[in-house]
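Take a look at the structures below.
One chain, subunit A, links the two complexes that follow: it is found with subunit B in the first and with subunit C in the second.
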Partner chain A sequence: MLLQQLINGILTGSVYALFALGFNLVLGALNILNVAQGAIFTLSAFVAYYLISVYHLAFPFAFLVAVLVGGLINVALEVLIFRPLRTRGGTSMSTLVASIGASMILISIAQLISGAQVERFPFGTIPDIQWNNFDIRISFTQVLVLSVTVLTMAGTYVMLNKTRLGKAIRTIAFSERIGLMLGIPTISIARWTFFVSGALGGLAGVLLGIMYNSVYFLMGEPYVLKGFAAIVIGGFGSVTGVIVASMMIGLAEVFSTVMGIGKFKDVVTFGMLFLFLLLRPNGLFGRDEEVRP
Partner chain B sequence: MTGSISPVYRALKLFFTSALVSASLTGLPNWSTAIAEDIKIGVPLSLTGPIAFAGTKMKDAMELAFDEVNKSGYLGSNKLIPIFADDRSNQPQGISVTQQLILRDRVSAIVGYTASNICQASLPVAQELKTPALQADCVVPGLNKIGNYVYSAVRPSDAFVEMAIDKLVAERKIKTAGIIFQRDNPVFVNLQAVVTKAFEKNGVKIVASEPVTSGGDSDFSAQLTSIASGKPEVLAILLIGGQVGPAMIQARQTGMKDTIFLGEQNFDSVEVRRVAGPNAEGSIFPSHWFAASTIPGNIKYVKEYQARFNRDPDTFSANGYNAVWMMAQIIKKAGSGEREAIRAAMESIGEMDTIFGSAGKTSFKDRQVTLTPFFFTVKDGKVVSAFTR
Partner chain C sequence: MTMLDISSWFQIYNHALATALINSVMALSLYFSLRAGIFNLSAVGFMALGAYTSGIFAIRLGTPSVVGIGVGVIISLIIGSILVYPILRLRGHYLAIATLSFGGIVQALALNLDGLTNGPAGLIGVPVTVEVWHLSIIVAMLVYLAWILTSSRTGRAWDAIRTDLSAARAVGINVEHYRLVSFLISTAIAALGGGLWAHVNRVIVPFEFGFPQLTFVLVNTLLGGISHPVGPVIGAVLVSTMPEWLDKFEQFREMIIGFLLVAIVIYLPNGLVTSFSNFRLIWTKVFRKIETKPRSSGNE
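Coming up: the complex of A and B.
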């Protein structure tokens, strides 16, 4: 059973990591805590669900479209809400409040479309294959989710560190003014950042919906706080940190059930968060910032 | 002539005034003939938030019932005017909308509420503000003890689930069981204790009892893996309706292929069976209503509901519809839209028509309806009677 729970914890952590990566990207690059990430996660899952169940699109295409839609919704939020706020000198607090408002609007749309009903992807969307060895059960869906998560994390790391787009994102994360001085089109890069962030959120939403057979208008809500916890524990702006922290949270939650304290799993997660804030506020992989007098 | 009014004129005025007052008092036995009365009824429901999947269904069916009451002329020329309010599936908002309905909207009575924890928080407010309330969907025990303004149109589910366990163990000789329950909902916290006691009383070993922290959770893999390791013959799934289907699927995926799922009335939902698919096969649950019941009122309800909403009704919609018609019967007995008259009618009404149960009749006992449950199972995708005895 312990090995099975380890797998459960890794899978849970994987979905947290995908969600938190997108969250972290916009926070790290643009200093915007975009709470609407949970709503984008949800809407992308619904897009994939309706494409498959109503329009009978094959899963890979529905998946890609849903991820694209997640990115585009986030870009729309940047164009309509965050850019105008920042142009007018909006603070982090005002962008946070605006993102809460956007989240509520998007969730209401999801509720209206779905009629507040829980849906699931049609049986057979992913082949129902299970492997059962050494007292471990793992399904094809779980292997798919794990593989996609690993590839996505690797791809995000490569994008941020080895591509021009990634360098531009890291530059404006350091200083938007320096980015402008270097001729980086900051507005365009900001939109690309939002696109990638939304796409990551959408990807996480579809995978979660497939893995847990549940697409529901409030499905993204629990992940916003967990994603934030992963960012704090892992270190703001650190991709490696967010991945490691997400795995820690996933495993801590699952093993709290194993230890018989499952009803305190949120206490465990947020207890870890408080400990890090007190003892290591920069997180596992965050860097100290030097403030010049 | 100045000053005094003629004594004859005064006598005549007194006579005609008395006659007019007497005539109006001894007029029609139930209603004032002067003006048709619009009777405002407060309908607090969970229309957003985690319980919205149930509240929205209730609202649809209650709108149907209000329309039927008004169009049929059941209350003569008087109309019931529903004022729907959203408690957003949370207790503070439930209290707030209850106060608004009573103090701002000045409703004559309240019928509704979706979730038990909201009932627990809001119904004492109705009692304190002396407004008659008929709760439609809350199955946590104790609501009938709140006070003489609060009545229940459904019964607590604990007795029904206990009866289901007694019958299940007797018929299928169950030896082991597991429980998964939502720990932030008083219905399921209470049911977990009831189910544990019922299993233990019947000599069934509980292999694991795992909590789910919130109604928003969709990942039950850790809890179900822990339960599956004990190989239970029965798994009691005590979760909100939106979680039941995914829990059934995930339970089968953890290896509980032949485990019987046991639940409460929320298993009786087209949505639960649609989401769970073949994984719901063999599940067992009690219910005070079923769609195929041959009570004439129920046949009419099912037909009207299907025609209006193009889908089958479920227990939530039935609860809402039935509660509105019960309130209409109470108001007819009261003969007035006055709160105190409605409260007195609730106390004295006696037998009422209902779409629940097998006889189509119910009455209040200890301020909650008397009902005999049915016990169902899912066989080949259809809901059929669960036990032979």
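Coming up: the complex of A and C.
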């Protein structure tokens, strides 16, 4: 029983981690808190749903297209909103406000398309296989979610630390001016960062959609707040930190359900967030930047 | 137009007017925070706190509305003065996240403390005692208070802190004190707005205090701009009456608000009210050939 809950907690945590990773990438590299990530999460899940149920596409293809769409929407946001804003000298607060507006636009698009209904994937999208061993029940969906998450996280880690793109992103995160001096095309690197971040958000959206088998226009909203908690606890801009923090949040939620205070799991999460902000605002693995006024 | 027409017009638009005025109260609450350079997103959380307190007092205890609203403001001030110390030690994104998650906690509690708040169904049957003329007087008084404070020593300190915190500290302004005052005034006004809202709307539902409400408060304040206390009120009235003159686009309302928010931040970063005073400046510059100093516009 305890082991089963542990597995559930890790699964929940891994979806949080995927979502928060995309958040943290843009935040760490460009110092933009992109709230619209939650809307991209929702829209990607809808794209996957419509491709499967209306156009009868096989799940892997629909999954790929949805992830690409997530990335492209984020690039569009960068081109249309964030880049003009930064060239006009917007502060970090005005980019946050702009991303809140963008998120509002995208969510209302999702609402208009879906008519505010809860959609379910057609039966048989994912093979319905379950394994029962030692009182533990694991479904094929759960294995799929976990393996995709692990692969993506490993991929992101390698991308950031070993490839040219990753090195360029980390340079910009250090200082955009220095990146420019070194001849890094900062504008296109910023677009790539947004693409990867949006793709991660889209990935999380589709995985969550099939895990709980429900897609609706407000599904991203709680994840934005969980993502905030994960990046603060893990530390701004840290990949390892976000993964550890997301697992902590997932486990805390599952175990608060076990202890019978499941109704207040959001309060537990936000309480953890508040404690960290109070005692260690740089998070577990964050850079020691100055956060105090 | 006879007297009868005028009175029926007021009856039809009564609720819309009341909503516009309450949005003005909320926009003024955010005005006080932004004026001191605190990007405080907890206004909606304190609004929920005020609304639920006055609703619970009116329904469960049957006290007069003034008592419920007053207690709501006092409770919010107590909670605010506990939270203000950890929150104001943060800056930038950290402050935004902390205040936003406070709103999340309040909403989660409102959804789940069934015995007190009646859960997702919400509190129904709060007596409607607040009239439009009450609200008009309150908004006028708040604007007056904002104007007095803004043009006083406190207001100058806030402007200095907003423009450059370290420089303000260097010239000997007690930064912590003035930021605390701004945060607490903002808290009290938000709770007042919530309490009034409960007595206008008759129903309090937890979903009303979520993300959309926050965007609404933000767009109201930023459209008007924070360079003058009238700005937030103008913004709130313009945006709140929008459904009336855009009734064919009702389903696009949230999308329009989103577009507005993005457009304001990019093209009108100082809001409507400043652009009018800028217009006067350009006028004098072009036609009188007078050298004018460039206006500084610090946002943080």
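Criterion: the second predicted complex is superposed on the first by the 288 of 293 C-alpha atoms of A that agree within 3 Å, B and C clash if a C-alpha of one lies under 4 Å from a C-alpha of the other, contacts with A are read in each partner's own complex, and residues count from 1 in each chain.
Everything that follows uses one rule, which is that a contact is a pair of C-beta atoms (placed from the backbone, for glycine too) under 8 Å apart; a residue touches a chain by one contact, two chains touch by 3 or more.
Bear in mind the structure is a predicted one, so any value in this text is a computation, not a measurement.
After superposition onto subunit A, the partners subunit B and subunit C occupy overlapping space and clash.
Within the superposed three-chain model, A:278 lies in touch with subunit C and out of touch with subunit B [touch as defined at top]. Touching more residues of subunit A than its counterpart among subunit B and subunit C is C.
With both structures placed on the common chain, the touch criterion links A:212 to subunit B but leaves subunit C unconnected.
Contacts of A:88 after superposition: subunit C is touched, whereas subunit B is not reached. Legend: residue contacts after superposition of the two complexes on their common chain; A:5 is shown touching subunit B, with no touch to subunit C. After overlaying the two complexes on the shared chain, residue contacts for A:221 are found with subunit B and with subunit C alike.
Once chain A of one complex is fitted onto chain A of the other, the partner contacts of A:270 are limited to subunit C, with no touch recorded for subunit B.
Using the contact criterion defined above for the overlaid structures, shared-chain residue A:115 touches subunit B, although it does not reach subunit C.
Look at A:98: by the touch rule set out above, it reaches subunit C but stays clear of subunit B. Of the two partner chains, neither subunit B nor subunit C is touched by A:53. With the complexes overlaid on chain A C-alpha atoms, the stretch of subunit C that clashes with subunit B is 116-124, out of 44-52, 62-70 or 116-124. Subunit A residues in contact with subunit B (one complex) as well as with subunit C (other complex) are 108, 111, 221, 263, 266.
Residues 1, 4-5, 8-9, 11-12, 108, 111, 115-120, 123, 130, 132, 137, 139, 208, 211-214, 216-219, 221-222, 253-254, 257-258, 262-263, 265-266 of subunit A touch subunit B in their complex. In the complex of the two chains, the subunit C residues touching subunit A come out as 39, 86, 88-94, 96-98, 100-102, 104-105, 108-109, 112, 165, 175, 210-212, 214-215, 218-219, 222, 251-252, 254-255, 257-262, 265-266, 269, 299-300.
Those residues of subunit B that touch subunit A in the complex are listed here as 47-50, 52-53, 55-56, 183, 210-211, 213-214, 216-223, 225-226, 229, 241-243, 245-246, 249-250, 253-255, 271, 275, 277-278. The part of subunit A that touches subunit C in the complex is made up of residues 27, 31, 33, 81, 84-85, 88, 90-98, 100-109, 111-112, 221, 224-225, 228-229, 232, 236, 263-264, 266-267, 270-271, 273-274, 277-278, 281, 291-293.
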